[in-house]
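Each chain gets a letter, A, B, C, D and E, in the order it is written, and its residues are counted from 1.
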Amino acid sequence: MSFLQPLISGILTGGVYALAGIGMSLVFGVMNISNFAHGDLMMLGMYLAFFAFTLLHIDPYISLVLIIPIAFLFGYMMEKVFINRVIHHPHQNQILLTVGLGLIMSNTALLAFTSDPKILTTTYSSSAFNLLGDVSVSVPLLLSFLITCLITVILYLFLSKTSTGMALRATSQNREAAQLMGINVAKMSAIAFGIGTALAATAGALIAPTYYIHPLAGHSFLLKAFTICVLGGLGSVVGAGVGGIIIGVVEAMSSTYLSSDWKDVIVFVIFLAVLLFRPQGLFGKKGGQ
Amino acid sequence: MKQIAFIAAIAAIAISLPLVIGESPYFIGILISLLMMAALSSAWNILGGYAGQYSFGHAAYFGAGAYTTLILLTLYNLNPLLCMAMGVVVASIIALITGSIVFRLRGHYFGLASIAVAEVVRLSVLNFEFTGGAQGILLSDVVLWDLDLNSKIPFYYGMLLVLAVTLAITAYLRKSKTGYYLQAIREDQDAASSLGINISFYKNKALLISAALTSVLGSLYGLYIRFIDTSAVLDLRLSIEIILTAIIGGVGTLWGPVVGALLLVPLAEMLRSNFFGDMLINAGLVSETSGVGMFLKDNLAHAHVLVYGIITVLCILYLPKGVLGLFRRKK
Amino acid sequence: MIQHLLHISHVSKHFGGNVAVSDVSFSVEEKQIFGLIGPNGAGKTTLFNCITGFFPATSGDVIFDNKKINTLRPDQVCKLGMARTWQRVKPLGSLTVLENVMVGAFSVTSSTREAEAIAQEQLKVVGLSDYTTKSAGSLPIGLKKKLELARVLATRPKMLLLDEICGGLNHTETDTILDIIRSIRKKGATIIFIEHDMKAVTSICDQIVVLNSGEKLAEGTPAEITNNPDVIAAYLGGGHHA
Amino acid sequence: MKNKFVSIVAGALLAFPLLAHAAPVKIGFINSITGKEAQIGENLTNGATMAIEDLKAKGFQVQLVKEDDGGDPKNALAAYEKLVTRDGVIGVVGPYTSGCANVVASRADQYQVPLLVPAAAKEEITMKGYKNVFRLNAPANVYSKVLMDAVKAYKPKTIAYVYAATDFGVSTVKTAQDNALKMGLREVANEKYQQGQPDYRATLGKVKAANPDLVFLVSYDADAILLMRQAKEIGLAPKAFLGAGAGYTTSQFAQQTEISNLVVSATQWTDDVNWTGAADFGRRYKAKYAKEPSYHAACAYEAMRIMVETASRNNTPATLRAALKTGSWNGIFGPVKFASYGGFTNQNNHSMLVQQIQGGKYETVYPAQFSKKNLIYPFKR
Amino acid sequence: MLDIKKLNAGYGEMPVLRAIDLTIAQGEVVSVVGSNGAGKSTLLKAISGIIKFTGMVTWNNESLSSLKAHTIVQRGIVHVPEGRKIFPEMTVVENLMMGGFLCKKDQQKNLERVFELFPKLAQRRTQLGGTMSGGEQQMLAIGRGIMGNPKLLLLDEPSLGLSPLFTEVVFGAIRTINTSGVTVLLVEQNVYQSLNISHRGYVIETGRIVLTGTGEELLNNQDVKKAFLGM
């Protein structure tokens, strides 16, 4: 079997992982918080995409223009109401708060939408084309990968060219100095969480046409997002992007050449190895020790 | 003196409780869960509360105890106590490996690494054949001396004993060199190491004690419930529940985890069994056939994890130091 | 023959491209009070960290009590009889004053009772006996400094490294600390003393080394140092009035 | 402090069950309403709810005490013990998950209150000789047996397994391997996967490379759709896809005609089989819940009906047990009888059905006495 | 312009400053000198709102005590912190633009002003802040401060860790900044250099002001020398 097949499907799947990882990494960089509700925020995006599709008949990829602002506002409010109260608390309390918020979100979804998985079937949900003869490329995955790239570029431009984006980076690099520049760091935290949420929801919406939608569907992405963050260096947006693709490829390669059931173990072993030998991540500059 | 009387009173109540409600396996079952969670959380507290190392992977040691015991029992039918001891050995090995990885890290990295190690353990158990894999392990009858292991009473006292031992170890530790060293590490690692404390030795010591006790509890649980699979004994949820119990009671205090378990375990069971909804209906406050009654009966049953989440959030926001933190005066 | 308790030989420390300490050598004799001074950023605390094992020197040797201690961990260094205090005090905040000092005492005993006795004794030495049950985090800075001193004394060190033990204290507090240090020396300990308060340094030290930008600028008695134009320039700024 | 708290809690817990009335027949129902298995749990809830409504309409006096186990065996045990010791039920239907059913079944003889397992597939549950444990559905081994019987005539040579790393997945594939051995099928791939992954292409690619005649699948609701979508994408097309229950028997799956057409699956129940009231149940279920009934719903419906009807005539656990042991029923689940055979005790020797999705609709194709349409073989897109 | 009365401040329960009185008039360069740990940096942090304080700090008749750090910057008080604290993963220009976060209109003009003051920065526009030498970082930090259009510039140990050459450059720049109309509050260990360019100075010791006078007076005051050299 062609070596290219797992490589290409790994890269494409990795794109969605990357988006989830970037959102988490951004939140981490600016706020120094590990967000355990990230998977549930992805779930939010999945449902938004689903309802936009079934009720408003908007294509899930197009519905992003609605989902991104809604999710941003949701995250912004969540930070204002809950997260900023624990920003100076110990890590474990922050983690448990986000765990609790995640439980509230997923179980509210369970009440509201029942536990029946929803399937979002678009005309292209299972279409694919062949590349180089025998390498099949999934159309929806390719589309979502391209959108991921687009969003990453937009985010990159936002962070490097706009004043708010630069203020976010400044806050993440040195919170105190940022304050001295007249940056309202509390607001930056809320914005960062809003963007993190928007990115998580986008990842959810992008995966919705090829995945299923369920109140607990985000959970399988949570630990992956953490792995990606650490791999890329907590706080590094570019690192998380590359980290996501690495994880996607590692998963596909280990399923192909080793075994499907051990691939998660391999991912965690890589995760631990990175923590041990390069705790700042493959691309990060902040030390972990 | 007052303290001794207090402990004696608690011990007397705990020992005589099954005699008072001996008729009810349901309540004893809940009490077993309660004692187990109190003991798990106390064992975690030695590492998390005193040494300040917030492990998010304690399910691995619980699972190590449960799996080792049940595997050895089904394969070789050894004495259950021997199996338990082997469980401690396995848990200790896992703890040493974990320690060598995670104790090099601080902060977020420590927490994430402890999750990753526990996940590796969980997935390995799920993938191996000899562990029963996804099918889990079902245990037939167990024989230990002439105890009736179908009854819950031996397990009640077993859990009580482990809890007592855990609390005794904690009480002894915190007034001993090791205990002070652990607290010094929690407060300031640099200061601790400049005072001659071998940080990694003492962290590993705390982890080993904590893991061994957790493993014994896992073994007891396995023998008690007689069916284990990875989602019951190795899940991340279990690790989180252990920490939550300690935090809600009061981290780094002797009785905090016990208080946490006294609050959370009955609450979880009341929510699960729709106690509050039934109470309102049975008290005649709400009619069973009314809209509210239907909602309470049907939907509240779905909502108990939601309520649990809300309580978690409220506790972290308003009781960050736990219930005992409320009463602890600043010296 | 003069006994060198500590010998620093060509020690350098680099952080990435930054040179924090560069080729510093000096020796400290037994029962000396040895001053280590220099303007902010001169590398004094970095040198302390290299000596006490918090980070290994990039090059050079640290020899204490005839043993090379370059690669030892801080706790091993402490066990050999070298203890330090911190520029920014590091009280074990939620422990009591007594318990803080007991943690130090546990490096010489494993018995809680003995540790308590040692701690009480050292608290008396620094004059904190009235505060034993207070939590360390709640003490004012002057008392925290004393607490640190009592805590390292409880490890029964041969050599004490004091990092700005008088920093942030008023005159009376400084004088008390200096008296305590003199009494400690009388009991046989050797002391290295980082300090900014020149009055304190010159009044108590036998020998002084001046660091500037990571390099050794001068070494000598207090009188030699205060009259050294290089030192004055380093301290007051390379001005025209120097 | 502890003392006071415990006594308050214990007192409160002790006080309330006494308030309950004793008149109607009291049955317990343990189900996974929350947790990982909640989606199937909901189908069971629906089936049981319909059963109770039908029974009440027929004049049965019944009080149902519902308990959630969240898929956790510890909770299932607590729920069962609460039901039998506090609520005083005379029979219990449930639990759904195999793990929970295992634990509860092992305690049923201790409390002597009959347990009727509606849908858990683990074989052990009725293989330990428990006197108080009855099971309505066919256990895991039947899924593979009936599927292989259905395709036997076409003489396939090779088989590949793709299955979720769950109890049901592993158990079913183990029995399938035994059956395949007997049929002389050669195993060319064996891929176990963790649920909830977005990408199975690499796994399926490996299977495709092995070029099997049969692909035997065990997956849950949504995974099944995912797997088949990706199978189509990469062009995996064996002679037959054999889906063992669960995810391959949902209406949602059937509706995805593009990917699901001609997939063969084993099921406990369909609404086109000529069992009494099956079609009617299917119609009413659709009307009430706006979706096709899954076999889980039918299992729960029939288990609840049998339990309540039998208990109404035999109002103690002991007589109920005896009546369950000797009785026979005929309803939407076909003829039901709890018998002992082939190592099983109190097991309904249920004949499972093989269905194939033909034009977006499940058609029963095997065994012959229940089938209206013929199996289309080999598979083609 | 800035009026401080009975200011007490510290970290947590640790008091650092005790009853500080200090005034700064328009157009002045005022130095606060003292040894390490005397409380110089704490004073600046209190003024710029990074830490809480008690007492009165008034700026053009407005009390600063209840304002957050980022709003104090809006008033024209810009703090160049000790240790530079530049943004390591931003380029020189980006760092400068962050300094001008609140006055984007004047950004281009200010940028030119900074490059005029420190031509070296102009050559290194796209270099990452974290990769620059200490002296260059200090220039960048001061430049970043100027970008905020300060009326009052608070400088914390700008000569710390710099070679004599860079020190000269920095003090020269401070003088230029002042002549362009910016009031400067300078906190330094480098007593001679800083008093030399200052109109007035304060000597601070263990959290208290012990001496004050014009730069000239203090330079010639033997007590200052004593305080620093312990003679």
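Annotations
Here is the rule we use: contacts are C-beta pairs under 8 Å (C-beta built on N, C-alpha and C of every residue); 3 or more make two chains touch, one makes a residue touch a chain.
Predicted model only: the values in this text are computed from it and were never measured.
In summary, the chains found to touch both subunit D and subunit E are A.
With steps allowed only between chains in touch, the distance from subunit B over to subunit E comes to 2.
Across A-B and B-C, the chain pair carrying more C-beta contacts is A-B.
The geometric centre of subunit A is 35 Å away from that of subunit D, both derived from CA atoms.
Separating the CA-averaged centres of subunit A and subunit C is a span of 49 Å.
Centre-to-centre, using mean CA coordinates, subunit A is 42 Å away from subunit E. Each chain gets one centre point, the mean of its Cα atoms, and the points for subunit C and subunit D are 73 Å apart. Residue numbers of subunit D whose C-beta contacts span two or more other chains: 34, 36, 165, 192, 194. With touch defined as above, residues shared between interfaces to two or more other chains in subunit B number as follows: 123, 126-127, 302, 305.
In subunit A, the residues that touch at least two other chains are 107, 110, 261, 264.
In summary, the structure contains touching chain pairs A-B, A-D, A-E, B-C, B-D, C-E. Note for the complex: subunit A touches subunit B at residues 28, 32, 34, 82, 85-86, 89-93, 95-97, 99-104, 107-108, 110-111, 223, 226-227, 230, 234, 261-262, 264-265, 268-269, 271-272, 275-276, 279, 288-289.
Per the touch definition, subunit A reaches subunit D in the complex via residues 1, 5-6, 9-10, 13, 16, 107, 110, 114-117, 119, 121, 125-128, 136, 138, 207, 210-212, 214, 216-217, 219-220, 248, 251-253, 255-256, 259-261, 263-264.
Residues 160, 163, 166-167, 169-170, 173-174, 176-185, 285 of subunit A touch subunit E in their complex. Residues of subunit E touching subunit A in their complex: 48-50, 68-71, 73-74, 78-81, 85-90, 94, 97-99, 101-102, 104, 130, 144, 148.
For subunit D in complex with subunit A, the touching residues are 34, 36, 38-39, 41-42, 165, 191-203, 205-206, 208-209, 221-223, 225-226, 228-230, 232-235, 252, 256, 258-259, 291.
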